[in-house]
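Following are the structures in question.
Presented sequentially are two complexes of chain A, the first with chain B as partner and the second with chain C.
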Partner chain A sequence: MLWVDKYRPKTLDKVLIHEEIAQNLKKLVTEQDCPHLLFYGPSGSGKKTLIMALLRQIFGASADKVKVENKNWKVDAGTRTIDVELTTMSSTHHVELSPSDAGFQDRYVVQEIIKEMAKNRPIDTKGKKGFKVLVLNEVDKLSREAQHSLRRTMEKYSSSCRLILCCNSSSKVTEAIRSRCLNMRINAPTEGEIAKVLEFIGKKEGLQLPSGFSDRIAQQSNRSLRRAILSFETCRVQQYPFTINQAIPPMDWEEYVSEIASSIFKEQSPKRLFEVRGKLYELLINCIPPEIILKRLLSELLKKLDMELKHEISHWAAYYEHRLRLGQKAIFHLEAFVAKFMSIYKGFLIETFG
Partner chain B sequence: MAPLQSSQPWVEKYRPKQVKDVAHQDEVVRVLTNTLETTNCPHMLFYGPPGTGKTTTALAIAHQLYGPELYKSRVLELNASDDRGINVVRTKIKNFAAVAVGSARHGGYPCPPYKIIILDEADSMTEDAQNALRRTMETYSKVTRFFFICNYISRIIEPLASRCAKFRFKPLTEEIMNNRILYICNEEGINLDSEALTTLSSISQGDLRRAITYLQGAARLFGSSISSKDLISVSGVIPDDVVDALVSACKSGNFDMADKEVKNVIAEGYPASQMLSQLYDIIVESDDISDNQKARICKKFAEADKCLIDGADEYLQLLDASGNIIRAISNMP
Partner chain C sequence: MGKAKRNCAIVISSSDDEKDKDNNLLLKSGFSSSKSAPTRKNPKRAKRVSLPSSNSRQPFQYSSSSGFDEVKRICEEFDQGLTQFKVTPGSRSNKDLWVEKYTPSCLEELAVHKKKVEEVKIWFEERLKNPVDNSYSNVILISGQAGVGKSATIHAIARHLGVEVHEWNTPTPTIWQEHLHNSNSGISYMSKLDEFESFVEKIRKYGLISSSLTKVSPLSIILLIDDIPLVKGKVSYGRLQRCFHLLLQSVRLPTAILINEYGRSESAEHHSRYWEELQSSLQKAGACKVSFNPITANSIKKVLSKIRRVERIEVSDEQINLLANTSGGDIRHAITSLQYFSLKPRSMDSLSVRSAYREEKGAESSHLDDGVSLAFGKDATLSLFHALGKFLHNKRETGSLATSDEGAILLKEKFIRCPLKMDAPELVLSQAHGQATLIVDFLHENVLDFVREESIDDAWVIGTYLSDSDLLLASSASLSRNYEAENVLQSTAASIAVRGVLFGNNYPLSSRWHAIRRPVLWQVEQSLWRNKCQMQSERRDARMNTSLNNHTVIATEFKPALNWLGHKLPDYTANDADDDDKDDDEIEEW
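Moving on, here comes the complex of A and B:
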């Protein structure tokens, strides 16, 4: 089992970071039934862990028995019926799914599944009517229509089911939904907190950590705990006992992007652009999301740039990322950004050095 | 408190039930109390910022006119989350509007001989749907009254607006909001100190519904005594020191420092759109930036906001916006 899963805190009492939030959540569910919740924060900050721990707090151990199902819905949409297929994870008490996987048909998924859940309400031991929990991932990727239909359904079925929404950026969730939920901001752990967790894992695994080693991993992790633990485990596999100067291997694709960046710096010509295109394709084929490539490329480029150019380059990065989001083919926009950068950089070189 | 009761949002629980209880909107209340006496009422168009009592007023007058028994058969309530395309206007609304009703008094309620159709959030209706309503409104004006509720009157097509009596709902003053909030605190047994009260009214910006929602969120999360810090964490407003750090990084003219602050903001999980609007407040009010520079910065903010709505990446947009602030402040091209 990967350490990431092995040391995922199982209950709200055992979390190492976000202790305050965990305590508040605990208070929330023990006192009375919980409202709809919206968790937002950057990836690797522990949203999912908190949600799972919360479910366990509400329903006890039975929330752990999860089965994965491939569900089919037949939705009657006026003139025709639509088939929607989606993978869900469910226990007796909760259902978890990412409705955005259904693409533009996400609206029907949201409406159907909540209705279906509301129909068969569980009854708890005291004979009272209980409620089910629906966990929706990546709400920020839902289409606008789906979000609008969600808000009505949320109110209508609020007696029989609770929604837990989970997303990266709350600005892409409409105000109407945000105002119906209790918003929980989950910030990324600080480097100190990450180091603390790494040391905790090291102790549990019985490893000798040289001083400052966990701090170095934490620094490289971009404040993502998941990444820190993964690279910690990689280090363990590569070389143990740890040495003080042991190199922490960066991610493959990141190394690849920095290669691209340095090759752009070396030469700015159509020929080089053609080479870069091949490399970008390579990254896209390996399922690295284009906006992440662009962001990484920007930060690699910014490292070596002159002050005056930084503004301009970051502006163009934002510009092409926006276009990328609106358009269909990611490679066009990535390449356009590279070409733009080359032309600006070349112009700058000619101006300064003649 | 019974568990079922507590799950009811306070916004619903403390919604005024009678027209005369609606605070601060004197003209509307006067016209509508008149309506209650004479049972005569024009088509109405309520507009104004969110949380000022538009929906409350419309629901209250409908309840007071018909009472609980007849309410279901006499009032049709449609809001943006219902399907409201042109088909619905042509079938559902038209069918409902066409039914004629009698005027027998019923259980002490006036029960005038017409029905009410409440179209909430009417500004999100398509133009086609609004056009389809025009004739319907006139044909059935004997038996049906329309109440339009919207935030922006400019989104309602002129022919519809001219058929209605228009009422603007004013933003609530701080005093009235505080009264209401304190009343709710009293009922729910919540301790709210004066500092938290000021914070609440400043983060909710005249929107009473938002203020009550925040209050309930904070009460659920933090128990019965609420400080201003709790309110800020529930509302999603970014604390001042985070915003100030970004602004001063921008003012220093150092791009790398600004970059570091932006990364920090994103890692802390603050939404970029909220950051933009709070930055905007600071930039507009600051004295050491010239009008020209302000205009330049604000133009960029507008662009970034549009991009964010299109789904662009938060980090890049915020970085671009702060890069622009640096350039504007140090008068770089």
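Moving on, here comes the complex of A and C:
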């Protein structure tokens, strides 16, 4: 088992970061009044961990027994029936799924599942806690229609089920949903907190950590705890005992992006642009989302860029990122950004160096 | 128009009217049957017209012009016009269609290239000389677009060699009502493919002995399969192919199979691909293949001027030229156009005017209706690749930089482009039948090859326009219900992409040969989809008792880490290499 999973705190009492939030959640649940919840924050900040711990707090150990299955839903949409297949994780008390995987059919999924859950509502022997919890991931990727239908079903079935929504950015969740939920903002852990967690893991594993080593990993982690733990484990596999200036292996796709950036700096020509296109294709094939590629590429480019140009380049990156989200084919927009950068950079070079 | 001709026409029609209603009249009544009143009046009118001076009839008719008469007069005049122009002095023979009338009867008359004819002829001669020799197959494939004289060649050669042509008689198609009737009366339906199969079976087993041609010795028969049954779907296609292979293996008679090649752009679907496959598979099996090219304008011209000579019609060389050029290598079409043309003297004038207009405009012919609104001629279609080539090569007039005197809008230097050496891009697009997404993908894939090395700015301009058109296409996809709006968006997107490419590429490379690549994007999208599915299934199998992770996290954080843990170097070129060997413990956790 990966360390990421191995050292995931199981209960709200054991969490190492966001301790205050955890305590608040515990209080909230023990008073038996659980509202709908919306967790939002950057990836790797511990949203999922908190949710899982929360479920355990509510339902006890039985919430840990989950099974993963592929469910098929036949949704009756007026004139035709739609088949939707989704992966779900469920225990007797909760169901977790990412409805945005269903693409544009997400709205049917949301409605149908909530209805189904409402139908077979669990009845406790004591007649209390008669609700199920539905955990929806990536709510920000839901379409407008789906969010709309989510809102309505939320009200309709609020007696029989609770929703826990989870997303990266609350700005893409409609106001209506946000106001119906208790919003929990989960910040990215600070580097100090990450280092603390790493040292905790190191102690548990019985490893000798040179001073400053955990800090270095934390620095490289982009304040993502998941990433920090993963790279900590890779370091362990690569070389142990640790040395003080041991290289921390970068993510391969990030390395690839910086390679692209340096090749852009070397030459600005249509031919080079074509080569860059090929490399971008390779990244895309490996399921790296285009937005992340663009973001990473921008930061790589900005590293070596003259102060004068930074503003303009960032502007164009934002411009093409917007188009990328509106459009269908990411490569068109990524490439246009690269071309724009080349064009600006070349003009700059000619101006300064003649 | 010649007076002599008109007089002559009148004489014929008036004399024929009373007597036997044969030849010419048949045709006349055929044309005017829809207007019963004037036809009934025919004899009377014909006599009236037979007055020596044709002009005198007009005042005569005006005198009795009430409202009804007015209409009648118009009808009559129209009808007269038809009779007059129809009955030309040359049409003594029974054949009204020039296409049939001037079907080449000997090899010399064929407009097909001599070498091709010779090739086919030699093939037939060889087969007919020693028919028992089974060392090579007895099938020849002749392919070519419509109207290049495939069947004519076979028939002419047969006549030349003095052999009989036996054709596969295409069964008449069954209409639905007929089918209902048949099935009620117990006759089972037989598809065209079934019939073709049984025909082939019969040929294989018995040759043609069972047919009516028993008196001719089997040596001198050519089998001609002109009309291959239309198939749809893989199963029936397979049947057809099997059928042909059987035929190929066992037929004893020299057999010609004619395959109509459609322009690739016209039916880019499976249909044409089937034919291509069929052709190549037959070729592999030993059939000899001859492909006929479209007939050159010159040979069409020759044929047309011959017809002109025989028919004694007044068509100038220039007009024949035009006819030949617009026919697109389809001689049948050219002849029919000529016949149609000789009917209407008035449009001949307009033709000459138009052609003069064309000459004049010549250089700057970017009018949308140019070459399209001609009343005859094929609407030229372009293959997708041809159109793409036009856009990518971006040929422009050289020299005079937009010195137009109107010059209402003065553009900055950097926005000025030389006029295009082609029709309006939208026109080319419509001729190429291209779908917007297809065109945009192809342009995106190939355009960078055509941009000069130093002009990265141009590449950016092109990139922006392509990204614009992608936005339009994306929004058109989301508007799934409004087809009309979708249409507009699509064509706008295509137009933006094409014009963006044309405009952006300010200094195109001097034209040299470039292969146009298939968009890699399609492949990328496919493998992306595959990888996603794989990730999905991996996630399902995951024994991590954690929560579901989304794709982003898996792709950006878990996968690279697992790569390291598995002591594997990041390998981007072989994208599934890292999933294949799961010998490591960590990876098995997945």
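Going forward, the second predicted complex is superposed on the first by the 352 of 354 C-alpha atoms of A that agree within 3 Å, B and C clash if a C-alpha of one lies under 4 Å from a C-alpha of the other, contacts with A are read in each partner's own complex, and residues count from 1 in each chain.
Here, contacts are C-beta pairs under 8 Å (C-beta built on N, C-alpha and C of every residue); 3 or more make two chains touch, one makes a residue touch a chain.
Here the structure is a predicted model, which means the values were calculated and not measured.
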Spot which of chain B and chain C makes contact with more residues of chain A, would you?
C
Is A:326 touching anything from chain B or chain C once the two structures are fitted on A? First, second, both or neither.
both
Scan A:27 for contacts with chain B and chain C and give back first, second, both or neither.
first
So in the superposed three-chain picture, is A:182 touching just chain B, just chain C, both, or none of them (first/second/both/neither)?
first
Once chain A of both complexes is superposed, is A:274 in touch with chain B (first), chain C (second), both, or neither?
second
Of the two partner chains, chain B (first) and chain C (second), which one does A:169 touch, if any: first, second, both, or neither?
first
Touch check for A:257: first (chain B), second (chain C), both, or neither?
neither
Determine, under the contact definition given at the top, whether A:226 touches first (chain B), second (chain C), both, or neither.
second
Based on the superposed arrangement, let me know which partner A:198 touches: chain B (first), chain C (second), both, or neither?
neither
Examine A:335 and indicate which partner it touches, taking first as chain B and second as chain C; both and neither are also allowed.
second
Chain A residues touched by both chain B and chain C?
326
Could you pull out which chain A residues touch chain B in their complex?
24, 27-28, 32-33, 35, 40-42, 45, 148-149, 151-152, 158-159, 169-172, 178-179, 182-183, 185-188, 222-223, 291, 294-295, 298, 302, 307-308, 310-311, 314-315, 317-319, 321-322, 325-326
If you look only at chain B, which of its residues touch chain A in the complex?
1, 3-4, 6-7, 79-82, 209-210, 213, 217, 220-223, 233-236, 255-256, 259, 266-274, 304, 307-308, 310-317, 319-320, 323-324, 326-327, 332
The chain C residues in contact with chain A across the complex are 444, 448-449, 451-460, 462-464, 466-467, 470-471, 473-475, 477, 520-521, 524, 527-528, 531-532, 535-536, 539-542, 544-548, 550-561, 563-565, 567, 570, 572-573, 575, 586, 589
Parts of chain A lying in touch with chain C, wherever the complex brings them together:
1-2, 4-5, 8, 43-44, 48, 51-52, 64, 66, 68-70, 87, 89, 96-98, 101, 135, 137-138, 224, 226-227, 230-231, 233-234, 237-238, 249, 251-256, 268-271, 273-274, 277-278, 281-289, 292, 320, 323, 326-329, 331-333, 335-336, 339-340, 342-343, 346-347
